[in-house]
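The same chain A turns up in both complexes below, where it pairs with chain B and then with chain C.
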Partner chain A sequence: MRRTFGQSLSLYGGVLVIALAIGLPFWWVLTGSIKLPKEIIQRVPTMVPHSFTLQHFEKLLQASDFPIYLFNSMVVALFSTAFTVLLALPAAYAFFRMEFPGRNALYKTILLAYAFPGVVVLIPLYGLFAKVGLIDSPVALVIVNVAFALPFSIWMMRSFLATVPREIEEAAIVDGAPTTTILVRILMPLIAPGIASVAIFAFISSWTEFLFASVLIVSDVRRTIPVGFAGIIGQYQIDWGLLLAGATAAIIPVVALFALVGRWFVAGLTDGAVK
Partner chain B sequence: MKNTTLAFAFVSPALLFLLAVLGWPLVQAAILSFQDVGVIGSEGHFIGLGNYATILGDAGFWRALGRSVVWVLSNALVQTLLALAAALILNQKFPGVRIARTWIILTWIVPTVVVVIIWRWLLSPSGGMINPLLIQAGVIERPVGFFATREGAMTTLIMINSWRWFPFTTLMMLAGLTRIPGDLYEAARIDGAGTFQRFKRITWPLLQPTLMVLGVVGTLLSFNVFDVIWLLTAGGPSGATQTLPVLIYETAFKGYRLSEAATISVLTSILLMGFAFLTTRAMTAAEADR
Partner chain C sequence: MMGPTRFLTIAGFAATLLAGTAYAEPVDLTVWHMEQPPHRVQRMKELLDEFNAAHPDIQVKQEPQSWGEVYAKAPAAFAAGNGPDLLFTIPDFTTVLKGINVVVPVDDLVKDLDSKHGFVEATLAPYKYDDHVWAVPAYNMAISLWYRNSVLKAAGVEVPKTWSEWQAAAEKLSTDGKSGIGLPANKQLYTDQTVYSFMVNSGAGDLYNDDGSIAFDKPETVKAYDFYSKLAKFSPADNSTWTWGEAEACFANSSCGMILQFGVINTYETQAEGDAADLGVAPVPHADDESASATISYSNAIMLTTKDEAKQNAAKVFLTWLLEPANYGRFLTMEPGLFLPVTNDGAKAESFWSDKTVTKYKSQVETMIANSQTGKLFGFTTGKVFPSIGAISAQNVIAETLQRVVVDGQSAADAARPGRRVCPKSPPNSGHAGERS
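So, the complex of A and B:
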């Protein structure tokens, strides 16, 4: 059905408002990071930069600890992602494709863990990590990140597994293939988008995690971006150019990742959502 | 497929991991709450329900709880309205809708610290974009400090957190909307129902299950928000934005009263689990009625 003029106007008006509400702040940060300092703090801000400089990025990469934070964040996020996928995949398969006693109760308990307040286990976890000597170690962050990403990741696999016809597995069973072979050889390629979604979710969770990283990591050289960066905010008199360049540099990896597999991630998020 | 042993072999790594990293610490928190540990790593003695008496008799705890309730309810209201509007728009067909559906989530995938820098800068009285815009629009006469007053700080935090989270809520609602059969709208149109009538009679009632799930999950998720508050106001000015998670963090790591912090953690968990249990039960009952 065709829209009336008024309907079109309100639809595109709404689209514009959303685009501006989300995009404009990012536009300002992006353009701010290449403005000269005096343009950044100008009384009447400019929408389009009038000056161009890479001095903030130079300072960020050469005079600050940002490259170290970036490296630490990458390492923690990649390991967190790998372990989340390794644990979530078989668990999701069992929950959504197999039958076993206590399945529903276990599944619900795991779901509850998704909304579990991190700060509640922060204190005892600190004690436990201290006992085994994992304070100030990226291993501790990986463990925590995997634990908090896991419940949602399992849940997200549901809609992707549902797209695979059961006949495919049944045919393989009749052919006498062992279950692990079915999982690895036949199912994996079919649910690749699901694996990508779980990976991106785990990566983003780790990339943005602040609370545990602020407590479990003590020395500056082991910090990840969120905590290290928060330290830069308060360090000197606020150097907006440096912060905006840092913000831009922290956005780029997740945006790049999202550009590659974001579509699947959104599908995974929405398809399983209402069940 | 029936193969119980294999199923348990698949589930148990994830399950044991969660038990060790989330379940066991919860037990530890409970034990800690019956002791008198101060600084992390120091030894404590069993003092029974002493901490519970202290915390429940402390006005600061109740004020933080009150702020958490205000925080959760305001966030729920703002985000539901924004997300509903955005979801209704993204549920239409227009050029670029696929791109919009993917990239709307941009605010949610960047680190919180980036969100914090963005808004601290935009709201800053010197050089920020928002003050000049508001002055131009005639809303204010001179630059204002958004975090300077108690109410201002809370309101600003709620807006920023909602900006970060409403796209996530939008996608969840969009999932609910796409499940409503298009035939219903066609039939209503043929019967002469207008846009508002269709929303009121079809969209709104059929969206209820989605909204209820979002109500539960959203409440728990926004209750847990810590980093945005901590990095923007650290609970200030003078405690005005100190919600329960902030209070727990401060008690443990600034006040060095570990056992008291564990006690607040246990009380918080009881509260949230009670909430989750009661609401999911109510939801199951509502579904059975239908």
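So, the complex of A and C:
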């Protein structure tokens, strides 16, 4: 069915409004990071920079611990992602294919855990990690990130597994393939977009996690970006240029990840959502 | 003559002592402070390196934290047995940690330091209760009125001293799309602070009655809210989202003729004109029927939070070293033009006044120091400290009440009433943390 001119106008107009609503703040942050301080705080913001400077990035990288925070975030996010995927895949397969008592109840319980606010378990977790000597350790953050990302990841992964025709698995079983072979050699390649989606979800969850990182990490050299950056900005006196440069630098790894596998992420979400 | 047995015993004892001295481990101290911006961390590092080099038997290390998290993090850390030995604080945070019994009184140390350096009483008072002193004041911050001399002159306005002069000035400065004054109306700490700086100037500085009940909807408080709402009409429309940074930016880009801030010098120097002669600072104007100005001040202090005697002694050595005028000025100028001295000789220290920013803005800093001497802090004015002050701070009750007036359009009298309900009377006996000594 062809769209009328009015419908097309409404459609593209709507898309434009949404694109501007999402894109303009990013544009303001990106361009602001290269403006001189006086221009950044002008009463009427300049959408196209009238000045150019890299002084904020210079200060960010040379006078602050931002590069250390960046490295820490990368390590924590990559390990969190890897463990989340490694655990979510077999767990989802077990919930999807294997028969065991209480399967449905356990599956629902896991989803319930996802809805649990992190702040409620903050203090008990602190005590627990203190007892095992994991305070101020990135291992603690990886454990927490995986624990909180896993329920939703299992749910996503299970939905992806449901899109694979049963006949493919049955053919592998007829050929004598054990469960692990079916999972690794048959299903994994077929749900690669789903794995990418879970990986991106786990990565972003870890990259932006603030609450636990702020409490479980004590020393400056082990801080991740959200916490370290919050400290750099200052409270009573804000260095707006530094803030914008930091925000720009912090989103680059996420944007790069999306550029590489973002297509799968979107496709994966829709594939997984519709059986 | 000494027998061989006796000689060997003494020699052995001496050798043991010498060996013990030679191989004694230094006392390690961990300091948690909330001065996270990189230049402050760097300045602290320089000072600690210097102290550690001069005191090989004591090694102090810093672990910068954030005010946003430390209220939850510190109690958890102490409960788990890995809290710091020294912890920076503000008065209400001290009541929180005192409540979990981790704060060590510092009466003797403060007495010694007071006799050597002379503490400004306003900085010490919020930490004196329950017959003890609970922290050593480190630096002070006080809100002042900031303006540009050239802007006031062009508008034919004198620096306001009373509320009626202030309102007239704000009205005159509100021209050409500019705001006469930038006042926040956010439900946030900055608004608590600015509103309280009105309250102390209308005789409503005491939040509590003697019995621990909240003295919130008294006429003086209502008057302060009422006047604040009148002045807020001359503020930018987005002031209900403001924190300190937005107000500073409004002043730096000349959109606001006046603001109330702890300090604007750094922003004015780096992001605005940087013309010291044009930057004006004055006490917060007072109600017409009051005789003098007062302000809100935050006395930032350092708590001793270790039960280990060796660490306590080492911490006292460190704090004594820090407040020596030769070192103290460099500590304060980790944030020049914001952190103010808490000692009389600190206010004269060469190490403070030789900082290039402080030198450039000398007259402004002198005014800030003078203003800070009249500082008060909500909940710490009556000689008693009540536990509910923690809830009042955490829930931003003062700012929330203002929002009812400025955003919801209620009358000041009506808005102050719910504020009273939010702050229940503290229970008798257990209700107060103690009387100030």
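What we mean here is this: the second predicted complex is superposed on the first by the 264 of 275 C-alpha atoms of A that agree within 3 Å, B and C clash if a C-alpha of one lies under 4 Å from a C-alpha of the other, contacts with A are read in each partner's own complex, and residues count from 1 in each chain.
Note that a contact is a pair of C-beta atoms (placed from the backbone, for glycine too) under 8 Å apart; a residue touches a chain by one contact, two chains touch by 3 or more.
Note that the structure is a prediction, hence the values are computed from the model and not measured.
S.K.: Put the two structures on top of each other at chain A: do chain B and chain C fit, or clash?
M.R.: Superposition result for chain B and chain C: clash.
S.K.: Pick one for A:Pro138: touches chain B only (first), chain C only (second), both, or neither.
M.R.: The answer is neither, since A:Pro138 touches no partner chain.
S.K.: Of the two partner chains, chain B (first) and chain C (second), which one does A:Gly194 touch, if any: first, second, both, or neither?
M.R.: The answer is neither, since A:Gly194 touches no partner chain.
S.K.: Just to be sure I read the superposition right, which of the two partners does A:Ala63 touch: chain B = first, chain C = second, or both, or neither?
M.R.: second
S.K.: Which partner chains sit in contact with A:Gln42 here, chain B, chain C, both or neither? Use first/second/both/neither.
M.R.: Both chain B and chain C are touched by A:Gln42.
S.K.: After the superposition on A, what does A:Ala91 contact: first (chain B), second (chain C), both or neither?
M.R.: First partner only.
S.K.: Does the superposition put A:Asp220 against chain B (first), chain C (second), both, or neither?
M.R.: second
S.K.: Taking the superposition as given, does A:Gly127 touch the first partner, chain B, the second, chain C, both, or neither?
M.R.: So A:Gly127 meets both chain B and chain C here.
S.K.: Does the superposition put A:Trp240 against chain B (first), chain C (second), both, or neither?
M.R.: A:Trp240 contacts both chain B and chain C.
S.K.: Quick one: chain B or chain C, who's touching more of chain A?
M.R.: B
S.K.: Per the definitions at the top, what is the overlap between the chain A residues touching chain B and those touching chain C?
M.R.: 40-43, 122-123, 126-127, 130, 215, 227, 230, 233, 240
S.K.: Which stretch or stretches of chain A touch chain B in the complex?
M.R.: 1, 7, 11-12, 14-15, 18-19, 21-23, 25-26, 28-29, 32, 40-45, 87-88, 90-91, 93-95, 97-101, 103, 106, 110, 112-128, 130, 143-144, 146-147, 150-151, 154, 169, 173, 179, 204, 207-208, 210-211, 215, 225-227, 229-230, 233, 240, 243-244, 246-247, 250-251, 254-255, 258, 262-263, 266, 269-271, 273-274
S.K.: Give the list of chain C residues in touch with chain A in this complex.
M.R.: 36-39, 41-42, 63-69, 72-73, 76-77, 79-82, 141, 244-245, 248-249, 252-255, 261-263, 266-267, 270-272, 335, 338
S.K.: Okay, in this complex, where on chain B does chain A touch?
M.R.: Answer in residue numbers: 1-4, 6-11, 13-15, 17-18, 21-22, 24-26, 28-29, 32, 40-41, 85-86, 89-90, 92, 94, 96, 98, 100-107, 109-114, 116-122, 126-129, 132, 163, 167-168, 171-172, 174-176, 178-179, 189, 195, 209-210, 213, 217, 220-221, 223-224, 226-227, 230-231, 245, 248-249, 252-253, 258, 261-262, 265-266, 268-269, 272-273, 276.
S.K.: Chain C touches which residues of chain A in the complex?
M.R.: It is residues 37-38, 40-43, 63-65, 122-123, 126-127, 130-131, 135, 214-215, 218-220, 227, 230-240 of chain A that touch chain C.
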